[in-house]
């Protein structure tokens, strides 16, 4: 399984990421998830979210999760970007792309990966202002 | 629910589609699926697939499915493009984007929509050569 | 009344045509039209159990009444995506 | 032995610091370190049941042995995405 992981304060350029997708004619399914910061948190309006990470541990935990995805599903590649620092509402904080031969395993792997990320990867949200 | 549907023989420009995504800071989840033509069909190598459609009925059936998605899930928008005619292996034949407040409904709606499409929308695959 | 029938996907190869017209009595149902179709195109009959039927743009069943001026489509299982 | 402890997210506000050092006997387990942490930072004790613990980059439990030179992290539930 090819993997590409990035935790960065830079905005996530989804157009560029899609443009850089590696060619493959063996994967029939490409599933892409963008988590966008909403303009409210528990029904109170917010400007954005400040993402704090224990960076080294977050990378390590992401790698463990990717190992587990690889063991469980026939996924050909995963690209994952998590933005850190201040992310204004309307911008993307998480971008995940999964390629697999069929859509079923991509859907299952994506749902599992995001659920687990929210339990295991040390990143915290601080809404502002 | 906003909707945008296109059945066309033109290649699907995913980068452009992502770039044209309407802004929204109320939707936390954007899920995007690309169905890519594989270089084999039932384990025999192929160059590509020629997609035949009963065009008017396909559009009508897609609209009925989108009506049902709208009734079942709090989806904010769906954009769907199905390519017709000859699609070489490695190129995208189906592109679907679903925006919703949370990822759960986007995942459920996407899985449902593609399953139903494969039962209801009159499009047929003719592998070549 | 005259009913137009279109054949899609490999049904066009099986019948050798993309469309045909049939005369059926007013008040006929889809199943009665199918009998006339299979009489003219017996090679299509073996596909009957998996045949999908539409009147104009909507799916129909064999028991459905044929409206005046119906355009019927017959096709094999669909496979978009 | 000396154990470094880091506090993440609002645990840093609760303790008023991002890191602290503790002296514990060799052979101590994580739970024993926690007792020392809560003694110095009693305001952190109410969060004990939801506190996540890591030794270096891996999750740990209260019963785990503290290795020599351990770097321990304490933090509230994570919320990436």
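Should a chain be cited, it is by its letter among A, B, C and D, assigned in written order, with residues numbered from 1 in that chain.
Just so it is clear, a residue touches a chain if its C-beta (ideal position, glycine included) is under 8 Å from a C-beta of that chain, and two chains touch if they have at least 3 such contacts.
Everything numeric here is computed off the predicted structure, so don't read it as measured data.
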(message) Between chain B and chain C, how many steps is the shortest route if every step has to go to a touching chain?
(response) 1
(request) State the chain with the largest centre-to-centre distance from chain A, centres being mean CA positions. (result) C
(message) I'd like the Å distance between the centres of chain A and chain D, where a centre is the mean of that chain's Cα atoms.
(response) 28
(message) Need the CA-centroid distance for the pair chain A / chain B, whole Å please.
(response) 22
(message) Can you work out the whole-Å distance between the CA centroids of chain B and chain D?
(response) 48
(message) How many angstrom lie between the centres of chain C and chain D, each centre taken as the mean Cα position?
(response) 73
(message) Multi-chain contacts only, two chains or more: what residues does chain D have there?
(response) none
(request) Check each residue of chain B and list the ones that touch at least two other chains. (result) 35, 114
(request) Throw together a list of every chain pair that touches. (result) A-B, A-D, B-C
(message) Residue numbers of chain A touching chain D in their complex, please.
(response) 35, 51-54, 56-58, 60-61, 82, 93-94, 114, 117-126
(request) Please name which positions on chain D make contact with chain A in the complex. (result) 6, 8-10, 52, 54, 56-59, 73, 75-76, 78-81
(request) Can you check the complex and tell me which residues of chain B touch chain A? (result) 14-15, 18-19, 23-40, 89-90, 92, 101, 103, 106-107, 110-111, 114
